[in-house]
Amino acid sequence: MSWARQNLFSGWGNTLTTVLIGFVLVWALVPFLDWAVFSADWVGSKRVDCNTGGACWVYVIQRFDQFMYGFYPEAERWRVDVGAVLLMIALMLFFLPRVTGRLALVFLLLALPVGWILLTGQGLGLPAVETRLWGGMMLTVVLTVAGLALAFPVAILLALGRRSSLPVVRISCTAFIELWRGVPLITVLFMASVMLPLFLPDGASVDKLLRALIGVSLFAGAYLAEVIRGGLQAIPRGQYEAAAALGLGYWKTMIYVILPQALRHVIPGLINTVIALFKDTTLVLIIGMFDFLGIIQASLNDQEWLGLAAEGYVFAALVYWSICFGLSRLSINVEQRSGVYRG
Amino acid sequence: MAEPVIKVEQVHKWFGSHQALAGIDLSVMAGERIVVCGPSGSGKSTLVRCMNGLETMNAGKITVNQIDLAGGSAAVEQVRKSVGMVFQQFNLFPHLTVEENLCLAPTRSLGLSQANAQERARKYLERVHIPEQAGKFPLQLSGGQQQRVAIARALCMEPQIMLFDEPTSALDPEMIKEVLDVIAELAADGMTMVCVTHEMGLARAMADRIVFLDEGQIVEEAPPSEFFKAPKSDRTKQFLSRILQH
Amino acid sequence: MVAVAVVIAGAVWLFGNTLDNLANRGIASGFSFLKSTAGFGISTSLIDFSEASSIGRAFWVGLLNTLLVSAISVVLATILGFAIGIARFSKNWLLGRVATVYVETLRNIPLLLQIFFWYFAVLRALPGPRQSYDLAGWFFLNNRGFYIPKLEIIDGGGWVLLGAVVMAFLAFWQCRHKGISRSCAGLAVLLFISLLAVGSVSVPALTGFNFTGGTVLSPELVALVIALSSYTAAFIAEIVRAGVQSVPRGQIEAADALSLPDKDRMRFVVIPQALRVIVPLLTNQYLNLTKNSSLAAAIAFPDLVSVFAGTVLNITGQAIEIIGITMAVYLTISLTIAFSMNIFNRTTAMRGLSS
Amino acid sequence: MQILRYLVPFLGVALFGTASSAGTLDTIKEKGWLTCGVSQGLPGFSAPDSKGSWVGIDADFCRAVAAVALGSPDKVKFRPLSTKEAFTALQFGEIHILSRNVTWTQTRDSALGVNFAGILYYDGQGFMVRRKLGVKSARELDGAAVCVNSGSTTELNLSDYFRTHGMKYTPVVFEKSDEVLSAYRAGRCDVFSTDQSGLYAQRLKLPKAKDHLILPEIISKEPLGPAVRQGDDKWFNIVRWTLFALVGAEELGITKSNIEALTQKTSNPAIRRFVGTEGKAGANLGLDPEWAVRAIKAVGNYGELFEKHLGKDSRLKISRDLNRLWNKGGLHYAPPIR
């Protein structure tokens, strides 16, 4: 009681605020909860099974597999599952206290190409699955993970380049970074999908997913480069001087002394980039790819399930939210943990 | 006998498991000048900070001009209008000029017009001997000048009581004197003051009474002559021997 | 050095390919397409535009629409973001919680999804033109947009009006400077009268399918502005919170000791100092917002990307020129924002902080 | 160049197209399939069915070409493309035929580096409105809000039509046709405008198709047909004559079901030339004599194709009108095989 008195009703202005917010919450949340939970339809397989007037989750449940795998052939979906498990293990290794970063990194570096080969089926004797069949959450994750994996080495080079003592390198790296940071992702994707063929030799053609990936990684690379640069700047001069005193050259200094420290600093920034990229991959639907949001949107025009836009969007929002929120908590967690270690 | 302007009764204060104040009783009469001293961590800053509600106490009662500080935000507000405070770190507003620093509270809190507030600001800047610095920003001033601005800022509210929380501890030695001089002048004018300080010279010169605190308790309370010449408790002696050695 | 050589060689190779490709394919190049007739219509335009106008003019229409959406959203996002950021420090527990939930919800859901939500959800909730919500016969809300009265100025009246505004502004500034604010109300009345003398008000009215007269804020514009500003506000709120937390405790104690009322403490002591941390981060958010306005293409608002990199690209097929121009424009906008925020930062936010 | 060959697959690039200097026919024979650019889903023309296989007249046309050039209608890979990508994909050899209901225009034919091989479907832009608006003619649409999708001549025709008739309108332009439909359904527009065939297809996606009326006016000429890349005349001829074969077969009364019998016993010289028992039409094209037979066996003649995907045997129920043969009041006319 006294808590409520102090925190909710400590003055007339305070009381008014409380009452007003309470009223709005009740007015908005009660009907929403009623729609989304209490009078929603959960069981069934057809449109007619949705008859209570609440949300029709039957549609989401029926379409769930498609939302996750896109048009990936049903018989081959186990490959996506295996890929997902590989990725999970790789990520978990990074956050298990007993495992060294190096082991986790090696595992991740192995898991990425293995996952890619598994998904495409090239070279393993598995039936090939063309990338145009990829879709749904799987495509979203592939775009994020592969986009980052391609962007990361580029970003490290750009970040080092931006701090280089050679003016040509420094200026061109800065210009490159600022170019991609200064334009919207959608124009980068347009560029990748419409202009990329112009840059390649006659007859060579690049698959649509890969074009989007190139666009995404150029874009992510520029942002990542700035994050890594922040980490590099946090390394005291003394570290460089100590390395130089030990007779290490530029690349050895970077690889053995500076980068391992800098990358530890940038983990929270890195996770934030991952979150941003994960959300930004939705833009590929504008260039006609069926990522998680794209496939949900496409399904909204299915005759059988017309008029269920609210369910589709709420489901999409919930999934995106859970993943992004989870990642952001992870980032805070890492930040606090590394803070403790640093003393 | 008149009511004390500040009356501290059985005040206890904990920070987590650490007890900062353990049952303090203290009365300050109008026009009285009290110096609070003691080893670091003895709770002396906490005590003065309790006197204008910057810290809330866990038990006990403080009244300032018969207003109980536990009486909610309105009471605290009223107390603060009659109590000026000077901090160890000056706490001047760096984004405002000296004059703006001085005028902010009088216009916003007392409702003075801009012109009246500026006049008042000039008056108190002269009192602390730096009228020529009115247009500068705090970070353009020396530490001693900044602390004098801070004193002038507190004075602009025309308080009945001034609290000083180690006003010279953050200063370079050559600047301490100019601040001490200003405080001594205020004391000479008859302002009621409570001052936490290690400057025993100041204590000797201006204090009516010295309060010695250790481990959150008042160990000794005496006029300066007694305090320095014939301290009663061993802890006081120990403290004095350490502090007066150099 | 080797790396530089490789990069240059790569660039030359790409460039050579491009030239070969263009030559081999017989694709037109150059910028002459900007002068040809557009031939298509644009729903929302700040300048006169018709099908007979040139493609170059369509470019300006798109650019101005981008700037319009960005400017409105920047203002709204800043106001909302500061309000929510400060609300997180509220003594009212409920208000603080609601602000936190707002921030955590909006920033963790993709913007594009939010734009779709606002667009289709709002469209569906609103009635058709013939069943519009009518506010006092002046304002109408329906699924074609929000219709508001428009001020129409007689020929030459614009200059009179401009003069009046300038005069009023100068007078107001003078009044404020001298601390007499009451007599300024009289000036506002004066301005209003001069408005009546030179202008007339066009009120929207239902004719045929739709309303004519007045000005319409299209649902695309409204949805885009709501989505952009509410999304960015969540990030700004976090920045404001970080900024406020960066202000040293002593500053707040000093303000308290001077018995400054809570809201004055926020306004005169905390926020001005928090700006030092806020402004550079805010600049990034403004840049992001402007870039994000390109998502207009998904809901048919004719911004630069939608008109120029969309319709015009489809008609002319000159991808290199069009994507190039589009990117260059965004880059210019970004640099301009960054530059002016830098000036603001140096002159205002860093006031008194460099000795 | 060599570096790219190694590097690109290593990064996971699928090299679909290869150097084109060899000629498209040789290239696809070597690969064993041809790549066909189709729409991203337009019922009747090209849309994936529930098993992901492409159905529609555009898709079947590509199958006919595959049957002609490679001997089997199954040797096709379909690539869904947006309008924006379509021509680039063709120009750069990523696809061998673009069969994606794109309009044949002078600009496209001359400035985009592509050649249209003929007309598969005579379309024209039209309007769809809600029945309850009471509108019977496009001339009554003054002041209407019109939803269209960007990326074709649609926007230009629309503005031409309204300008010609001195009417005002508000264009609401989306990138994707799904979004146009959503917006129309939500009541954002009074009118949905696209090619009439498209209107019929989109109307099927509305909850109550009967509530929506397709107005009689056709405001533009939209000849839709397959396109190939400029500079390979041999390939161009094969695609062009596949189309003529489909139309010619209908005119000669050759159908999927009777072609086998006709090949054996007919004495009609035109049919004999068609099925390759007389003349050397196939050799002229660089193919075998049976080329046209395979096309008809694979997909049927033009009339069969039309009725199956667009006409009375389909859900769209579009009447043939302009798409009848020339001798039945329509525009389809195939030059003789001789």
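As written, the chain order gives the labels A, B, C and D, with residue 1 at the start of each chain.
Quick note on the criterion: a contact is a pair of C-beta atoms (placed from the backbone, for glycine too) under 8 Å apart; a residue touches a chain by one contact, two chains touch by 3 or more.
It should be emphasised that the depicted structure is a prediction, and the values quoted were computed from it without experimental measurement.
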Measuring centre to centre, with centres taken as mean CA positions, what chain is farthest from subunit B?
D
Winner on contact count, chain pair A-C
What is the distance, in whole Å, between the centres of subunit A and subunit B, each centre taken as the mean of its C-alpha atoms?
55
Measure off the straight-line distance from the CA centroid of subunit A to the CA centroid of subunit D, and report it in whole Å.
38
When centres are defined as mean Cα positions, the distance from subunit B to subunit D in whole Å is 89
Could you work out how far the Cα centre of subunit B sits from that of subunit C, in whole Å?
50
Junction residues of subunit D - those touching two or more other chains:
84, 88, 91-92, 175, 182
Return the residues of subunit A touching two or more other chains; collapse runs of consecutive numbers into ranges.
190, 194, 197-198, 200-202, 286, 297, 309
Note the residues in subunit C that touch 2 or more other chains, in rising order.
21, 24, 120, 124, 297-298, 313, 319
Which of the residues in subunit C come into contact with subunit A in the complex?
3-4, 7, 14, 17-18, 20-22, 24, 90-95, 98, 104-105, 107-113, 116-117, 120-121, 124, 287, 291-292, 294-295, 297-298, 305, 309, 313, 319-320, 323, 326-327, 330-331, 334-335
Across the complex, what residues on subunit D touch subunit A?
1, 4, 8, 11-20, 40, 48, 52, 77, 79-82, 84-85, 88-89, 91-94, 175-176, 178, 181-182, 204-205, 207
Note which residues of subunit C are touching subunit B in the complex, please.
179, 248, 250-251, 253-261, 264, 268-269, 272-273, 351-355
Which subunit D residues qualify as touching subunit C in the complex?
83-84, 87-88, 91-92, 111-113, 133, 141-145, 147, 150-152, 155-156, 158-160, 162-163, 169-175, 179, 182-183, 186-188, 190, 230
Subunit A - residues contacting subunit C, complex
7-8, 10, 14, 17-18, 21-22, 25, 166, 168-169, 172, 178-179, 181-187, 190-191, 194-195, 197-202, 275, 279-280, 282-283, 285-286, 293, 297, 309-310, 313, 316-317, 320-321, 324-325, 328
